[in-house]
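What follows is a group of structures, each given as structure tokens.
Heads up, the next two complexes both have chain A, just with different partners, chain B and then chain C.
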Partner chain A sequence: MNSELPIFRVDDLAISFGSGAQRTRVVDGVSFHVGRGETLGIVGESGCGKSVTVMSSVGLQPSPPSHVDGGSARLGDVDLLALRPKALRRLWGSRIGVVFQDPMTSLNPVFTIGMQLREALAAHTNLTDAERETRIMAMLARVGINAPERRLRQYPHELSGGLRQRVLIAMALICGPELLIADEPTTALDVTLQAQILALLRDLRDEMGMGILFVTHDLGVVAQFCDRVAVMYAGRVVESARVDALFRAPRHPYTHALLASTPRLDSDRRVPLPTIEGMVPPPGARGTGCSFAARCPRAQPICLGTAPSLVAGQDGAFACHHPVPVP
Partner chain B sequence: MRTLLADRLAILALCFIATIVAGAAGAHWFAPFPPEETFFDGLTLEGAPLPPGEKYWFGTDLLGRDLFSRVLFGAQTSLVIGLVANGVSLLIGTLVGIVAGYVRGWVGTVLMRFTDLMMAFPALLLAIALAALFTPSLWIVAMVIAMVNWVQVARVVYSLTVTLSEREFVEAVRSLGATRTRILFRHVLPHLLPAIIVYGTLGIATTVLLEATLSFLGIGVQPPTPSWGNIIFENQSYFSTAPWLVFIPGAAIVLLAVSFNILGDTMRVALDPTLRGRTS
Partner chain C sequence: MIRHLAGRLGQAALLLVGVSFITFILLYILPADPARQLAGRSATPETVETIRQQLGLDRPFHEQYLRYLGNLVQGDLGRSYTQKTEVAEVVAARLPPTLLLMAAAIVVELMIGLTIGVLAALRPGSRFDQGAMIVSFIGVSTPQFVGGILMLYVFSVQLDWFPVGGYGTFRHLVLPAVTLGVLGAGWYSRMMRSSMLDVLARDFIRTARAKGIPEARVVVVHALRNAVLPVIAMIGIDVGLFMSGAVIVESVFGWPGIGQLAWQAIQQVDIPIIMGVTLVAAVAIVLGNLIADLAAPFVDPRIRLR
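Our next item is the complex of A and B:
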């Protein structure tokens, strides 16, 4: 879990949607990096741009309607944003694996599990049929699917949600990618399965040494599963830190408020859970100041006028003029 | 029980189609008379066509020709029109629709606006214009019908492809590095097959009737070559006195269309893996 050698590094990424007069910046100046065997959590509420950021950084976000306006995304020494579609496609599935949110809809209902796994391998390798079958069997067994020979002949609708998510993980990892993108992989699963899938992903990460970009809105999952975390708000990273530091001493008022509104076992049930007043400003209505200022209890006149930039502290970085003091 | 019934119907439909195909292919051997020969005893003394009887099984038409022979030879024309014209229009429509639906952008816009243009253009007028350019023959007529009919298929396939390409499994295959062609023809196309099959089987009746219309206007299959459509049109003025002249080829068209429909429906069910598991 060393972060000194990032395998994936995104710098100053800016993304907009639409064209002409309707063109709106939705993600602005986002930077992050993932090391070998490391998990970076990207958290934020719905619509803050976390999925768009991650999908655009590996070229999977369809364009149009989205446009990458600037920045770079380097996998090893390749800038993904400068690659031609054909070259990008060769990386998808081989060096970059993706696990999607909903296992119910991410498998093609008209093909058997075996056919879909073969597809994943066939796109990037020239194995013989026998070699391919052994590799598929080994992978299925590795992700904890019992009776793999039988599963291979089954259709997605014959499998439970947990099994399907395991199949999707097998598909994403079968070519041994360096970077795994997990876009809310556990949101559609119940809590028990969620824990199992997370444990599986952690084991596979330690074994195969890939970096994981983990997109989620669940802070509990982040605390369990991630090494570092980047908190996004209205298209920007407002705070990034090691997980223990972030949970112990959040510096940005947004992170602070998010953590305060998370229910805990030891919280007093008679006191209502704190909420964050107001709404996320829609893209296009974000002024020159800090986009959280309107909802921030610590806001000062300066917050409305100039947007703070991300400054590195001792445990991480935050973008705030008046950070929450370390307790 | 329901599947058994459906299977029996499907077998019946298949038998009917096979009979028609065999009859058309072997018309030279099966037909009791040449289809274009007019018989002196084929009309009554007043000049009216004969009803179905011992010598002329399906009766005779207004010129005293044997209707049974004409229906057999007409099957050749109608099958070619129904299968070839329909097949070509399905092929064009599917290709245009799937490409426009998946690629979208300016390619999709150009393709679909062209489709709209073709749709807005009166089909018959277009067919007449096309038929005027080329000398009418069976194959030309089939192509003309295909050119007119692909538009609806393209529309249906387009809208289905648009919804399908938003589905997550398409995104998932894309993230595995599959090429565009592969995604379209291996992952999206199977989902379109049910709609295409249903449309194709419905189209058989439409194309056979369109051919009849063209024949009626004199730009279809040229008389005296029979087709089911032009038999009906030639004889329609005798409908009240000699109903069999319209009824028999009409029934042939309806039965053929229904048979293809049943067959298509059975195929659609057989192709669906979620339904396959239930029956066994």
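Our next item is the complex of A and C:
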């Protein structure tokens, strides 16, 4: 399901937090793109800037405290970063759908499911009440919610977590967006539900043809669900590749270490799981060199002095002076 | 719902019995002798003794209290010492002005308090926010007699826009209602601000924004409905407070309500009236809270009455 022309393309995005002397760059030089019907995974540990990057790129990151310092984010041929709030709002919910992490807290507790869905549709369409209801019912049925007419009258607290996430997916997709942003949509769910929701998202993607930007820290989910992946570390993309290539032959030492520290069914239980020593350097304490150098087993003097830039390789791109050799 | 209501009413009844007991003790603690007061200055000791027997004041404490409670249940609050009329009648006549003032004051409080609170929460830390919170603080810390007299001086004496005091027309209502409302609005604005800040940071606000609905709708519909819950509880408290606590403002503006009645009764040591007013205030506080409790589920469906 890969595509030649990207529907969403982020180039050289830089984001900082705070103001004045406390202003700190948290995301720097991040670029990625998503094609029609394609899923790009953005992976990284907590605090690496993956959510901030994705939310900022579509203007949904509250500013202040964050600021976009540079770069562009194009949906089709529109640069989202240059748009005024009003113009952005016309795209949110219509051409850009978002599913957030926690279904338990992402629906407004004091309004019915019906009201919250109707509102999403009414914001961008001029349908009659009857047409709207038909479309909502169809969408609810499509995301696997039975007895939709009853659900419409219910409040969020009357629904289980899995159902709520389905409602949120219906809400994000009701206007048929080109781009779906899924910010850890399965992290708060148990494993069985996780698989169901991922399968649903995959089916909907194939059916509706939207591109998905999938933010997660779970490499297992990436392997199952994504076409390509961008690995982020300390506010930068350190490696991006097709999923099969990345899992087969990770080139960046961080990606390599990350994969090595993922438990597998066939790993030897007597050997402790490898971990990555040290901590992610906090924003502001990142020097001129490679941010991973202090924790990197392959680091050389040059790594501490000069930050490597992302260079295209055979199957993707990586930012490393001494990449892991292809096996 | 019905069972919940019955339970709450039962609690309220118990509470009121407690209040009636405490107010009844007043009779004993206060140095004033009701019989002597009723008889007048020139009465002979025999007359005073007769009155004492008529009132049952020579009976033991528990007997007196039970009789008082029995009368209370039948709506008999006793007779005023000074006005020679039924306390229930005197209090009932004062209820409409107090209810009117209370309603008007709460409307003013809500209009000012909610508006300032929401606007401050939208820009926390801004000049407006800081200024609004300082003004709110001044409002809640200004004594009512200072605020009231200041209002009188500026708007009645100097500008002559409103009458100096009294009751009857809308113009009479404005100054006392605005005094109570402006001074009380500080509580609402501060509470609304913190409640709004809390709600605006919740996940569902982000979801609402991501739908592309206008920001005003996000704030007024999605956030406000959630943030207003503590305000409802506060209105319930205010209902009780204004029924009893508008004493100063009612006196300053010559407003013929419960508060003024209480003020006069205290000065004249008219104990049956004081007891009656105390009881009415207690009923109002209980009712105010009950109404707030009953209203909450209509705002937040997660609150269910058992």
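Heads up, the rule we're going with is that the second predicted complex is superposed on the first by the 327 of 327 C-alpha atoms of A that agree within 3 Å, B and C clash if a C-alpha of one lies under 4 Å from a C-alpha of the other, contacts with A are read in each partner's own complex, and residues count from 1 in each chain.
Quick note on the criterion: a residue touches a chain if its C-beta (ideal position, glycine included) is under 8 Å from a C-beta of that chain, and two chains touch if they have at least 3 such contacts.
In this text the structure is predicted, and so the values were computed from the model without any measurement.
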Fit or clash between chain C and chain B when superposed on chain A: clash
Which of chain B and chain C A:171 touches, first, second, both or neither: both
Which superposed partner A:208 touches (first chain B, second chain C, both, neither): neither
Which of chain B and chain C A:91 touches, first, second, both or neither: both
First, second, both or neither for A:127, with chain B first and chain C second: neither
Touched partner set for A:110, first chain B, second chain C, both or neither: both
Which superposed partner A:195 touches (first chain B, second chain C, both, neither): neither
Doubly contacted residues of chain A, that is, touched by chain B and again by chain C: 60, 89-94, 96-98, 100-102, 105-111, 119-120, 123-124, 155, 157, 168, 171-172
Residues on chain B engaged by chain A in the complex (per definition of touch): 105, 167-169, 171-179, 182, 186-187, 190-191, 272-274, 277
Contacting residues of chain A [partner chain B, same complex]: 60, 64, 89-94, 96-98, 100-102, 105-112, 119-120, 123-124, 155, 157-158, 168, 171-172
Interfacial residue positions of chain C with respect to chain A in the complex: 202-204, 206-215, 222, 225-226, 299-302
Chain C contact footprint on chain A (complex, rising order): 60, 85, 89-94, 96-98, 100-102, 105-111, 119-120, 123-124, 155, 157, 168, 171-172
